[in-house]
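Shared chain: subunit A. Partners: subunit B in the first complex, subunit C in the second.
Then we have the complex of A and B:
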């Protein structure tokens, strides 16, 4: 393909480059100029991690063809300040703790810088709107807003520069707001995530994924792919030298599909080649013959007799069932003066960490198979990989690269095995970086749940019995399902002491995208149901929602749902703290929103009508111009 | 009913700290290094939550140096001790405590040598923020000098620590067992505005009170609460991963909707400290628990505003309108 010649100015330097005409500005910056502070979170203009200035205007560099950058002046995160220095915006991010995983942060700093360049007097509402194109999955945005406001005031001179200094301590570092040690590397874009790393002689991997939800694989022919110039190796399950299988609780997932595929997007084969493009071409040359099998897409169907079987070892499709029994619910319901029965459901949720999965593997001079990746569980991963590649533990090494958001989603070893195998087969370092679409289809989600709930209470609001049953869709592989069900069961009935309970949580296999670990590990799904029930009961009994919770809450000496005796329980304190802080007006939860006196306080934000704040800001600027 | 209706709701929650229904363990090594700096090695750390900073604060406090003088080498199964995984709200509790224990051992080595050199009782020695001194004497040196003196006496001040949390498994029949040794509790209040024509819900305020045991870095705790609340809000109102016959339908961020800066309520965090009696630091954790009460608090608030109960997440505008329609139909029947 003919190369494109480009002349442009990047961070103050004139640059001439010959590039692939399919390049985006983002590729030019990252791959050719090694400016990896600009990140690729989605490649589709939706996340803002790739934000740069083009001729002074904020742009998403993933959306701009490199050819369009001809003759422009580009400024990236690396160009905002000299090495070792930080701008007031960056220092303010450091000060407030605005960076967590840091993956969104270079883009956020660019967007914040742009907002303050466009309007140095921007109010918080305008700042929010101007930064609305940048997603952060970690921080809840709050500390970012705080940082931008401080930076604005320091730049304007209405706050002294010392506002950016660290807080001092005289007595202790415990309880001290020590600034994040990793913030300077994150706000300046210096921190290298796995996808930013390069090694000498490094190859690029692409993965061939299943287009079927459930199918038998009768044949895989890799010969055409192997013959493509630039391809170093193609791997399938046949390249696994040891005992194949990984998973957090049950090792039911092969490194690549073995005999059949169980969900759309499952890895079937992988190619390591000189470039990403050659590797991608080669995956298209791999011939796979599938015989589609009947699929299961609903957890209730999975339990029906005669349902298709997803894993031979689990003929009933049940991954795990956790029962809890305490007291006697018949007695408990007999003593109840009010019985409420309800059903609840929660959806499958994507982690949406902004850093897509990425990693590099190599075999070192001592024959140690090494994998660098944002793995949340390097200890367990090395155990599993050592069995899979049949090497002693000290010949397997996992290094955890900076994690651009995990939330449980990077606990599963869904690609590190492929990297290791291809590094072993090719003798070269191999890197794989997922696209956003790949990340979404191949990684685990939060377990969706369906819960039937029966709760008995006395007139005074004391819970006498709970019958709780949750069914969850674990998808194609076990991953963390067992643990998620266990935690859902243990926490099910909430922070309340209940004498009589019958709790069952069950997770089944289907041919949906697997469910796995996700922040709260089942605790959220279960307690959503319980906390909804508490309010429904409070309404029926005419009780304030805090009051009904107090009447049932655990105390020191309480026996939990698993019959553990608690030494202490701070639920009384957190209830009181939330009640006081929110200036809660007591009363039953009987749709009294229209008459409450505790609404719309200074500790709430104003509702937003998009664009209104811009108009208001413009109006103010116009007014100021007229006045001056 | 007016077009825009407001309401408030509350939800409480609880959570266990560290791995569930099993024994949990983590290890760390520490060394007081030249120049009064320190090295700490442990097997797993940062996934964005701020644990690196927290560990450097713990090491600084235990050793008597400054957090920025602590180097944390980590995350390498071939070079650092086992600390297992970054999850289960276990990092502050498991790794924080193992680092504290490792540092105590390293400091004890140093203090033994200094006490002998100065001929003072070891119990009288203190160190903080780069200085070491003996109480009720005028003996005071920098940590740099202290480490040099220790090494001149032939001793490298190193230490190791291992921390255990004694969870037990659950009985397979009735589930009895002690899954965790430390529990945290939380309560959140949500204030919402519901547009009864479009069904859109805006969360305007969250008051989040969480017990964290002991807040080692209060700003970091707030960051975890704010992040958890906004993920909870996403699950409550918009996020919905969907498949059709196993094929992902929401395969990019154009289809999979995430909370942005415009969706964020004012978040008012209240940190409650009920120290853990079973560990050196007393700190417990906050990573996961902060997410739990948000969705039910928001659903209870929606009910308070419009009298429609959302039982199926997320409460998208379509679902809110459907629930409102259902309520109006039911109200008309009873009227």
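Then we have the complex of A and C:
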């Protein structure tokens, strides 16, 4: 392969390199220069984790072929300040706590720096627009923008340097704005996530994934892939030495497809090779013969008699059914003066943490199989892996790397097993970094749900009975489904005291992408239905929506849906805070208040506009006119 | 993943045309690379291997722009950010800054070229409707017996469908030539899933010139994107408005018809609703840049009630 000769200046140092002509600037920085503060969140220009300065202008390095950098001057996050020092922008991020998982933060710091270099007097709207190419999934933008405004004012001299110092905490941290200990490593780009780590002799893994939703695998031929120069090993389910199967509740998922595939994107085989490019080529040389099977894509169909069976152990396709009973709903509905029936559905949701799944595995000098990854559940993973690879627990180690956002999506052991197997087979450290597309395709999602709801109420708005039935699409594997159903059932009827309830939550197998843990763990789906019912009930009864909630809310001494007696409850304070903050005008939900003071006031979201820099420019011209 | 055997960076047009003529089948020209790199990924082009990539960004003749009488010649390497920063272009191409503000983000705009956007010929390409209102012509160069030869054609003829153009093998787009529209008000409307980094579901642009009193519409140009296989100019609506006294009723009337032109394959009802609102807002916003007062939202509501 002809190589590309590059000569450029990076963070003040002249660099000459011979690289693959397909390299992007991002690859040069991360792989050749070990400048891993620049991240790859998407590889497609969408996220801004890869932002760097090229000749003073901010660019997305994932969209820049390395050749374009020939002769340029590059500045990365590592070049903003000397080691151990932080710029005012970085210090302001540290101060406001603008670094949750931190994965977006180097890019955010670069974008903020660029915005203030372009216009040191930029107003907040212009700052927002200039940083519009950078996404954060966990800090949220408020603290970030707060930091940029502080930095701007400190740089301009309108705020003293001391504004960057931590707030003084006296004897207690509680109730104080306390700085995060790990923030300096995040704002400076020094923190190494799994995909940033390298080991000597490290190989790169790529995974062959199923194009079918449901198919029997009749043959896998890996010989051509194994013969490709640069390939060290190819693994399939046949390489599993122990008892295959993982999952949070049922161990129904093999490390790689065994006998059949159950969803599009399921891992079928994996290759470890000298480079990502070789590993990727090798996956294309693996021949897999599939016999397509009828697929199941709808949870209701999964329950029909005669439906295709996804897992032999569950002939009815049910992963878990959680029934919950309290009182007697017949009595409750008989006492009702109003009965409302509705159906609700929610969709599948991707976590979209900015750090795509990544990990390194190696077998150490004492034969300890070690996996480094941003796993949200290392102890459980360790136990499962020890059974799968048939090693005693003291020969299996999991190290949790910084999690670049998880939201529940990194609880399942969907790739750590493959890493361990290939490290064992090749005898070398092996790293796998998902692409964004792979992350979306192969990781678990929030459960799509369908809820049938029946609620009985008195004219005064007291709930007399609830019948709640939720069917969730668990997708191809069990993962955290059972726990999610439990939580959905426990939280089903919300923070309201109901004497008579009949709750059923059921999750079934389909050939859709597996569903798993996701923030709220089933609570959101249930609350969406319950809170909507409360509003509909308020409307039908002519009651204020806050009032109907107050009439039903749990208090100290209330019995929950699972019959626990509460010592305290805070829903009254929550309602009060929400009512005040929204400037709610009392009345039923379908009646507009006389003043509509809930609209357009402070803290309401304004319609989306762009072009703050024009308005500000115009404003400056007008100011100048007035002055002269 | 995009891979290639060679990545060339010619510095003159002749050199580029020679490299392009000699390039093995399947090679590609590259400008900003903001379409090509994301295309070569799972779910779109997949892994793509190109024998040769010929990068035009260092070709001297393709850099910069020139004002030629009442036309502006933008050479192929002009990137979107220039429309937000270059004072002369802001004055002469009054709808381009607004288009640029809605295009991708500040970083991608440093790289993405207007010509790349046109050649890519996406039905939702944001630069195309403004270019149609600016009576854009594209210039295409080729090698003819070893010498550089070129031809020109209107962009409206050049783009023949989604991703399809009249570009012939061996040709390189060298410039887009636009009307200079000093004194016109310009605007751009766009809706997608979020504010930055989003492909238009619908976009609409206007250029407008009023008489001295600000009431008579002397000239108006309108175009829509995202509503069918390719962006379109709204010549009949322009005709209807030209020479008329500006009233909000007239603008509201003009905004009804374009909805019928929506010929997308998806979300037709939504696009129709948006289209009407956008034509009206585009005209109003363009007038605002000429100094007209900004209409209050409830004023609009009353008008449509």
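Here is the rule we go by: the second predicted complex is superposed on the first by the 600 of 628 C-alpha atoms of A that agree within 3 Å, B and C clash if a C-alpha of one lies under 4 Å from a C-alpha of the other, contacts with A are read in each partner's own complex, and residues count from 1 in each chain.
In this section, a contact is a pair of C-beta atoms (placed from the backbone, for glycine too) under 8 Å apart; a residue touches a chain by one contact, two chains touch by 3 or more.
Please read all numbers here as calculations on a predicted model, not as lab measurements.
Of the two partner chains placed by superposition, A:242 touches none, neither subunit B nor subunit C.
With both structures placed on the common chain, the touch criterion links A:132 to subunit B and to subunit C. When the two structures are aligned on the shared chain, A:60 is found in touch with subunit C, with no touch to subunit B. Contacts of A:575 after superposition: subunit B is touched, whereas subunit C is not reached. When the two structures are aligned on the shared chain, A:437 is found in touch with subunit B and with subunit C.
Looking at the shared chain after the overlay, A:24 reaches subunit C, while subunit B stays out of its contact range.
Judged by the touch definition given at the top, the superposed model places A:114 against subunit C, while subunit B stays out of reach.
Measured by the number of subunit A residues touched, the leading partner among subunit B and subunit C is B.
Applying the stated contact rule after C-alpha superposition, one finds that A:51 touches subunit C and leaves subunit B untouched. Touching of subunit A by both subunit B and subunit C, each in its own complex, is seen for residues 44, 46, 129, 132-133, 437, 441, 608, 610. Those residues of subunit A that touch subunit C in the complex are listed here as 1-2, 4, 20-22, 24, 43-46, 48, 51, 57-60, 62-65, 67-68, 70, 111, 114, 118, 129-130, 132-133, 276-277, 280, 284, 435, 437-438, 441, 608, 610-611, 613-614. The touching residues of subunit C, counted against subunit A in their complex, run 1-7, 9, 30, 32-34, 37-38, 41-43, 47, 53, 55, 57, 84, 97-98, 101-102, 104-108, 110-111, 195-197.
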